[in-house]
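Quick heads-up: structures coming right below.
Below are two complexes that have chain A in common, paired first with chain B and then with chain C.
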Partner chain A sequence: MAQLNKTEIGAFLAKQGILIAFAAFMIGFALANQRFIELDNVFGVIRSSAILGVMALGVTFVVIGGNLDLSVGSMMSFSTIVVLDLHDKLGPGLAILAMFALTLALGAFIGFLVGYLKLNSLIVTLGMLSAIHGLTLTWSGGKNMDIADKSGTWFSVFGQERVMGIPVPILIFALLAVALSLLLSKTPFGRKVYAVGGNGQAATFSGIPRARVVFLTYIVSAFCVATAGLLQASRSLGSQNTVGQGMELEVLAAVILGGASLMGGAGTVFKTVIGVLILGFIQNGLLLVGLDFYVQYIVTWIIIILAVWLDVAAKRGRLWSPIA
Partner chain B sequence: MTTTLNQKDILKRGAIWAFILVELAFFAIVGDAMSVSSKAFLSVDNMLLLLKQSAPIGIIALGMTIVMINGNIDLSVGATFALAAVVLLDSMTWPFMQALGDWAIPLAWGFALLTGVVLGAINGLIVWKTGVDAFIVTLASMLGFRGLVFMYNGEQPTSHLNWTLVDFAEAQFLGLHTATWFLLGAALILWLLMTKTVHGRNAYAIGNNREAAVNAGIRVGPHFVLNFMLIGFLAALSAVVFYSESGSVNPNDGMLYELWAITAVVLGGTKLAGGYGSIISTLGGVIAIQLLRKGLGHIGADTQTVNLVIGLILIGVLILDRQLNRKGQEELKI
Partner chain C sequence: MTDQTPVLRLEGIVKTFPGVRALDGVAFSVLPGEVHALMGENGAGKSTLMKVLGGIHAPDEGQIFIAEEPTVMTSPMQAKAKGVVFIHQELSLADELSVAENIFLGELPLKGLGRVDWPKLYADTDAILKTLNVGFDARTRVGDLSIANQQMVEIGRALTVDPRAVIFDEPTASLTDAEKVVLFDVIADLQSRGVGIVYISHRMEEIFKITDRISVLRDGQYRGTLNTAETDEDEVTQLMIGRSLDLSRNESHHEMGDVALEVRGLGCGALYQDVSFSVRRGEVLGFYGLVGAGRTEIAETIFGLRTPSAGQILLNGEEVRIASPIDALGHGISLVPEDRKSQGLVLGMNCRDNMTLPQVDDLTAGPFVSDGAEIAIFDQYRDKLDIRTPGWRQIVGNLSGGNQQKIVIGKWLSMRPEVLIVDEPTRGIDVGSKSEIHNLIRELAAQGFAVIVISSEMPEVLHVSDRIVAMFSGRVMREFTADEVTEDNLIQAISGITDDKVA
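Our next item is the complex of A and B:
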């Protein structure tokens, strides 16, 4: 009887553990420093997490579908450079359209390789990380990209303005999160993503077009990357070629922290958002209590391993691994 | 998975060396016609330099090979590399070390290598005891270890030049540079380890089918830990060889090294799913990438082209490999 209770508590903790940890964490830091929960600070944190967060939304789809995407950082640099360059040549509106089209084309290429050709996603996206970086450098000639007339363009609206007192990046992040959450949880396509990631073979046998579903997860991811590139470009109105470098692993960390399984078939958009916010608020909270910025790396290390460990432990019903 | 080499196996093992020959021929003929420099590409000096420049990533890639054969992966090697370098250079400035004169050098090397082994052991123990996937564990420790690097010296570079050490690192013995000797030596030892010892055979068996290995009575955990300690040691060795010469390390050094190392290993034909791969082929993969970088540089191409070409080649290799294995197993999963 006690055993049963223990497993039940374990299962509950594992299911909601990330939320409980987040709540405990927020309360702890709020008690330590009042400024932590002031609206300005909260907005500041979410705003600076928005770019990472938007990318994480897309990667959630890919991961639930049973694949990985390591090319998002490199692709975000590409989008940022392209939109900044085209801004002065085509005007803001056309530049944004062209950038989205090009980024989606890259996503389609990856989706084709992983979905239809069934190539290993880790290696494909690793190769694309390098290849897209090459494309970006070719496009820019290796130079930083800047908008010539920084004050005379409405392009800055996405990264710098506020609507009804809320910074636009937060609005875009929130809208996209809600839309993608609905797409994943309420539509046939969303259910197919879970089915393909959970058991690809079974999904194929039950008539789900595995290749097309995987292809579409990469399209969703590319769309999110393009949005992130837009936010990044609009915020700074100028950029280096390496602006997204290394973000692929941070994004993946946020998605994993949110509880998506790398084996596919598990995870939600909502929990990814929590994962992103935890990373953002940890960084901010540790700085506010006066610790150096690098402490967040060590804290994140411990939190990710604990979170995934608890999840795995709850599933197998025992804390320590049975590996001999 | 049979031990006899069939035609397909010979084709696969030979592929990377054939690719290297093609590269050599291409850059020797086309390269010298288009070259921006007057020096010949295929000169002995240039090839020796190429081997030396392959060493830092190459030594790490050797370790990545055994971890991947074992069915795991290590994304934290870049951070381990940086921390070992910081320990190497900083430890030589400690007062008691300075009192030792040049005897401080082997001791500093020892500290750095020990750092790598300890970090590897941490990864291995976590993978073993918690049962969390190595990809996730080392993704997290990539952040954590990098935090330790910053903790050591903030955002400041750590520098210490010891001329005895620099002379040693720049020396050539029998024509080969010190770094090259370390690369070849490490490759030889690891090749022996993987092909001639029980540990090597077990590592293949575990990577091939973990459950079957457990049922056969192989203790999976200790083999994991040993392999992670080995890759930690090799990441530190790579740092030791490189920073003995350069004498200064930035806290961001070694970033993305894990991805370069994995690229070389995959190019050499090692399977991400585990159970298949060879140290010698990885050496081929490392040399092929360095040849490409150097060769493209030789004909005046910029870094962007190198990135583009390496990325596309990696995908091309994957497509070819799939054609060869078409009737083989189910597709790999991570």
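Our next item is the complex of A and C:
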């Protein structure tokens, strides 16, 4: 009986390990620096995580569908540069529409290659990471992009305003999270994403158009990237060509941290949000306890390895196994 | 044989997992030179017992003896060092490596500086292959071998030590009849060298052909050991499931309706040619033939997974074009595929979602999937098919094979098809669930479905079919009614021997 309890506790720890580790981190940081849990700081963290978070929502769909998207960072740079450039040429409204259309077109292209041509998503999106970066530089001529009249445009509302005391980026992140959570967990499309990622062949045998479902996950991802680009551009009203560089890995880290399986078929939007917040708070906490900014890269990596280990251990039912 | 010491003996083995007593005082022993069958329904504890034996699970109570010496097993490697080796159902070979590298994987012979002693490796391997009497050599790439030959490589692995006991776990699952004969020869050879064999299988024919004793597990408990020569299938089945089974020929004659599906001169490249048949409402049409005879490929063509190169498919007398499973479903054709794990189910998904997957688009309230509508369908087919699961939230991968198969059948029945194709309805399923599924197929026909059953098991085909199509090498050899078919003429037909009376 005693042994039974021990296994059950072990299983619980392994399953909830990441939340427990997160709670321990939070308490530790809070004790080390009071400022960590002040509302101001909490809002600040969520707000600065919002752009990453919005991108992670979209990548969650791609990953559950059984694929990867490593192009989101460079695609976000593209969206940001494009909307800033077009702002002065077409006005804010048309600029936003055109930027969304162009970003979705990029997503459609990737979705076509991975979904319909069935090319390996790692290769395709790694290639697109580089190709889209080239596209961005071509568009901007390599120069930074700035809005000419920074104080006279309503465009800044997405990145800088508050509604009912809540920063708009947080609001947009939350709304999008709720909407996409419903799409994934409640609609036939969401169900098909899980089926295609969980077992593509069984999905085909069940009459599910696998190619179209994969295609659509990349459309969702591109939509999220465009939204992230909008937030980024609106916050700074000017940008370098490399603003999203490296974010693809952070995004993927948040998604995996949330528990989505890289094999596809598992994960939820809610868990990804948790993953995003864990990353954000830990990076913030490290700064507040006085560690160098660069330490976050190391700590983030350790946390991801820990998360993956706990995930595997939960599936095995024990922390260590002599055979794979 | 009786006065010999057992090569392997397990005594009072108990193993519990959270909430389950998987093994409850199991005893089992193997004498040198005997083939000892271990039988039981899925979930009876056979796999757990073997994992205890292989050191993957530590038993809570009980003792393992090797040559009457108490032994604690810690890993499969250690078990092998003690002379206990496992031949698994699912092969675990490295396709890109040679036969020799696979057989000596992890124990390659070395010479100075950690270099592999290739000449010795190939010589040792060829010596082992010689005892197996196979037609390939040590340097062959494993990926180029047939499944049966890959299994021989797996057996070869067992022979790198001098084994005392070899455990075969469902070794014939993917073998043809001819390949089985070769396997049985190898087993007989091991036997003659005094090795004890543990043979795990669901197939009664084989059990009675090659084993000396049969031990039965039920619900984790040891139910007894029978001498094969003194027992029959009925007694074994009773021990396994606690009741006897009806495996007689199909005698039922109910009303049949019009032709639902007709196929004329269908062909698909080199896979099969000039196939014609029809099936009526209320009829079960059996397809029998060897693996590779083209049966599954015909089913896949009708279901829109393959494009035919010739011929027509008619539904209710009208020609239809089926380019995808979506078209097939639209025409009321359902296919319960051959391999439920890779084709039939999303194993990580729950029971309900698996069952409603093909029709999830139609089960909506507004933009969302309707929980109520889905649960209603699940409940209906759970009751109808007697699916045993704690609830619809249960992950399908955790169910037994029989219940998994019923989920797949429920999934396709709930589409209310006119034509139901069932490919290998009971593969890897225990006897008890098997007869339930057979009865279910008969019942479906009685309710007016047109059913096509594809099977590699002759008793199954004979039991459920009203008519039987015998296939050989991509062609229909002969069609039998239930009255005229015998085991002999069926075997002749699927072996390509033409019956003079027909010609």
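In the analysis below, the second predicted complex is superposed on the first by the 306 of 324 C-alpha atoms of A that agree within 3 Å, B and C clash if a C-alpha of one lies under 4 Å from a C-alpha of the other, contacts with A are read in each partner's own complex, and residues count from 1 in each chain.
What we mean here is this: a residue touches a chain if its C-beta (ideal position, glycine included) is under 8 Å from a C-beta of that chain, and two chains touch if they have at least 3 such contacts.
These numbers come from a predicted model, not from an experiment.
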Query raised in the report: Of the two partner chains, chain B (first) and chain C (second), which one does A:162 touch, if any: first, second, both, or neither?
Result: neither
Query raised in the report: Should A:249 be classified as contacting the first partner (chain B), the second (chain C), both, or neither?
Result: first
Query - Touched partner set for A:205, first chain B, second chain C, both or neither - result: second
Report task. Would you sort A:191 into first (chain B), second (chain C), both or neither based on which partner it touches? Result -> second
**Report entry** chain A residues touched by each partner, larger count belonging to chain B or chain C
**Finding:** B
Query raised in the report: Who does A:132 touch here: chain B (first), chain C (second), both, or neither?
Result: first
Requested in this report: Return the residues of chain A at which the contacts from chain B and from chain C coincide.
Outcome: 201, 322-323
Query raised in the report: Which of the residues in chain A come into contact with chain B in the complex?
Result: 66, 68, 70, 113, 117-124, 126-138, 142, 201, 245-246, 249, 252-253, 256, 262-264, 292-298, 300-302, 304-305, 308-309, 312-313, 316, 320-324
Query - chain A-touching residues of chain B, taken from the complex the two chains share - result: 75, 126, 128-133, 135-137, 139-148, 150-151, 154, 214, 219-221, 224, 255-256, 259, 262-263, 266, 272, 302-315, 318-319, 322, 330-334
Requested in this report: Quick one: which bits of chain A touch chain C in the complex? Just the residue numbers, please.
Outcome: 3-4, 7-8, 11, 182, 186-188, 191-192, 194-195, 198-199, 201-209, 265-266, 322-323
Query raised in the report: How about chain C: which of its residues touch chain A in the complex?
Result: 16-18, 56, 60, 75-76, 303, 305, 324-326, 328-329, 335, 337, 342-349, 353, 357-358, 360-361, 363-364, 367-369, 411
